[in-house]
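Note that the chains take the letters A, B, C and D in the order they are written out, and that residue 1 is the start of every chain.
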Amino acid sequence: MLNIGPYRFQSRLLLGTGKYPSLDIQSRAVQESGTEVLTFALQRLDLDQPTEESFLNRLDLKRYRLLPNTAGARSADEAVRLARLARASGLCDMVKVEVIGDEKRLLPDPIATLEATRRLVEEEFIVLPYTGDDPVLAQRLQEVGAHAIMPGASPIGSGQGIINSLYLSFIIQDASVPVIVDAGIGAPSDAALAMELGADGVLLNSAVAHAGDPVAMARGMRLAVEAGRLAHLAGRIAKKETAMASSPTEGFVNQ
Amino acid sequence: MLNIGPYRFQSRLLLGTGKYPSLDIQSRAVQESGTEVLTFALQRLDLDQPTEESFLNRLDLKRYRLLPNTAGARSADEAVRLARLARASGLCDMVKVEVIGDEKRLLPDPIATLEATRRLVEEEFIVLPYTGDDPVLAQRLQEVGAHAIMPGASPIGSGQGIINSLYLSFIIQDASVPVIVDAGIGAPSDAALAMELGADGVLLNSAVAHAGDPVAMARGMRLAVEAGRLAHLAGRIAKKETAMASSPTEGFVNQ
Amino acid sequence: MLNIGPYRFQSRLLLGTGKYPSLDIQSRAVQESGTEVLTFALQRLDLDQPTEESFLNRLDLKRYRLLPNTAGARSADEAVRLARLARASGLCDMVKVEVIGDEKRLLPDPIATLEATRRLVEEEFIVLPYTGDDPVLAQRLQEVGAHAIMPGASPIGSGQGIINSLYLSFIIQDASVPVIVDAGIGAPSDAALAMELGADGVLLNSAVAHAGDPVAMARGMRLAVEAGRLAHLAGRIAKKETAMASSPTEGFVNQ
Amino acid sequence: MLNIGPYRFQSRLLLGTGKYPSLDIQSRAVQESGTEVLTFALQRLDLDQPTEESFLNRLDLKRYRLLPNTAGARSADEAVRLARLARASGLCDMVKVEVIGDEKRLLPDPIATLEATRRLVEEEFIVLPYTGDDPVLAQRLQEVGAHAIMPGASPIGSGQGIINSLYLSFIIQDASVPVIVDAGIGAPSDAALAMELGADGVLLNSAVAHAGDPVAMARGMRLAVEAGRLAHLAGRIAKKETAMASSPTEGFVNQ
């Protein structure tokens, strides 16, 4: 079970809702993914006049919990304002804090992210900040009350996978709240690796939405997250330089 | 469907049978893996006096096809001799050619492997040579009639995963027979990556048998192979240096 | 020429002064390195009663510029206090801000580092903050007036080299002050790579001080920094997947 | 000193002569590189009617030893024929065996390379085979008398550097003749790494000839090879996950 604040999830795959080729493909991909948490940009919502054909209208909101994000915010103030709008709409009290400090690479601003997290926790949101892979910042975010930490594996939409698995491991080792690897996941192997390292979940969007076949990829990601989680719990073999015979000649079972 | 010679398999995960903590754990791991092909060292078999408590006696041989390997062979002659023994026993006509040229690291001997493959094909075996990641040798093995190519990801039992994904990709691009990545797989993420690169299957042993919980890891590997296969067919996103917003603010669907 | 604040250096290799087997080896290593900047921990200095046999007493201070660091500081306040002590001693007005936020891995605290940098710039120090590889934080450090940015390649003393060359490249692309790669350099190849990526300099300590032969390694590092700088200016070939004949048969010179 | 057969070299950088922008740039690059061994494709030579403006005519042949290669050969027979031509011309008795088995990626044919090496050793050439990174094949080449082993780091001209440093290390550990890393070197950091791993030399061509400024890059490569060699002899620090303070506060020298 993935526990974030008061919420409990069976699935450890969180899915974004942007950039699908069609609403139909999106719906089927969401279903195949097995996700229980859907994230979307608050800025995309016209909260007063929801688009008829939007995905929110088609969702069975009993099955999915919404995780609005503050994408588009360039300061703590903007992030806080967007989060309040989300709450006012009655959609949810979880918010993914996303304050971009590098427009070209969509990298998060560590200072503004920490500030927005602190303020939103004070306002009693369930706060999941999107951050880089800095282990110290991850600690600071927990100290101000973040309910989960969402370190990026590599730049958003880059599909580069986990660049710095060492620092990601440090974050996971130290964390007392769930760590959900966010941004940069490109393929199931990346998602599996995140889980093998001990992450509590994976959030992704482009890797599914922009895949040749988003529905099949959604299923692939679902299986990969489960595979990685199983491996983490099972305990993988150590890496070693020297080989070791797996087809021994002396006996069938290793006593 | 994975087609090797005349055989058809639903599962793309091939499993070794060595070094499990117990026969019971082995049985359950085999079952959870969903595998249809079990490999084992011919040298371990006392073909005249099979051990009472051996895994072969417990197997429902209608569900699994046996892939004996020539582990322990140090020359083409020895490999051929072992393969003939396997056939004489009536167990199977598939054989994994494994001729080690480096005892310390259990790396295959390219010359003897090619020679043994050529001779066993002439003797009408279904031949799956274990080889390194040399794309030219992989071509030569196909030219002498190998029914599948089994390149190693890294040394046997090392758990290092795929060291040279470039050369593995070359082998896959050129192959007209199945490519089954063998040796070195340590975790589900490695197995998924092999399949994402376009491999037709994965063979592993230590990663499951030596895992803390072999049964759970067997299931993890099964899911990872499926995940990687799905991703290969679906078409993953390209890796790019620059980021791309997955939470666009301008619209829900990417037109 | 490496320009930091008002200072000009021919050498792009900055050297730490800790942990050498002996003062004699240290002296010779410093000389072989060709460095013009020596860094040391202010906390090690008993500024009132300098040790007779300390390296400072043996240095020809006309040849080397001192770069005291605030190692040991756990807050912006402590870093500022240490920097003021350094200035009071008349040793130098450059300071490397080092505020550790993770004692186990010696990773810098992004928030306190930014705060200390801002205050020390206001007090008219020449400020070189040691930071992680977060491109946004690197921008923030420049905005408050840092005279150079010192991103870590990997944890201090780990010898792991450059883990995230992508983010290091981002920092270099954006920087309007020198970028000096600090921490984690283990071998000349790491130092060369840092320079090839476009870094303006490299700071290292353990890789030389703890090498089997620190004097030879110091020379190796000097050559590597020069090699990497030459390559950066010369323009390296692009990496490509497909091979290209370097021994063409059609002509000696590539028209 | 690098000893290959009866020859002794101070420089450990071997340079190819193909694809330079001009003969003048080539001459200056050769000079800056400090190389003592120049390799060139025998097929390029019209041995009866040497081109007036060829690099051979301009070389001071007392300063450089020529290492003709059999580039263009697709079989052992062709390689042997080319080598005999070289000897007949009186140019040299060293030959780099290069038999390509994959035209698209210029990867060596392991079987034909071994065969050509065996035959040329019998004909009393000094034989340096270009091979992949297969440790067992490297052993076989030594067993038939190769005077040096030239494993490729990655495909010729690809600039990808050393993909499989583990197998390269295995080759070096086992070798009783010099190991000269050949093919794929893209930058000084790659050359330094090869030497740090314990290689006896580096051969490269495109990385210099196709650099923006070949002359500066030649100097960079020279320094990098020296740097890597120094580091290998000096003994680099171990890589470790945990950090270690290089600016200790308890004392200046590590007792």
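Criterion: contacts are C-beta pairs under 8 Å (C-beta built on N, C-alpha and C of every residue); 3 or more make two chains touch, one makes a residue touch a chain.
Just so we're clear, the structure is a prediction, and the values are computed from it rather than from any experiment.
With steps allowed only between chains in touch, the distance from subunit A over to subunit C comes to 1. Farthest chain from subunit D, judged by C-alpha centroids: A.
With each centre defined as the average position of its C-alpha atoms, the distance from subunit B to subunit D rounds to 35 Å. Between subunit A and subunit B the centroid-to-centroid distance comes to 33 Å (mean Cα coordinates, whole Å). The distance from the centre of subunit B to the centre of subunit C, each centre being the mean of the chain's C-alpha atoms, comes to 47 Å. Shown for subunit D are the residues that touch two or more other chains, namely 105, 107, 160, 166, 241. Of all residues in subunit A, those touching subunit C in their complex are 101-102, 105, 107-111, 114, 132, 134-137, 139-140, 154, 160, 163-164, 166-167, 170.
Taken together, the subunit D residues at the contact with subunit C in this complex read 16-23, 26, 39-41, 43-44, 51, 54-55, 69, 71-72, 98, 104-107, 155-161, 186-190, 192-193, 196, 205-207, 209-214, 216-217, 219-224, 226-231, 233-254.
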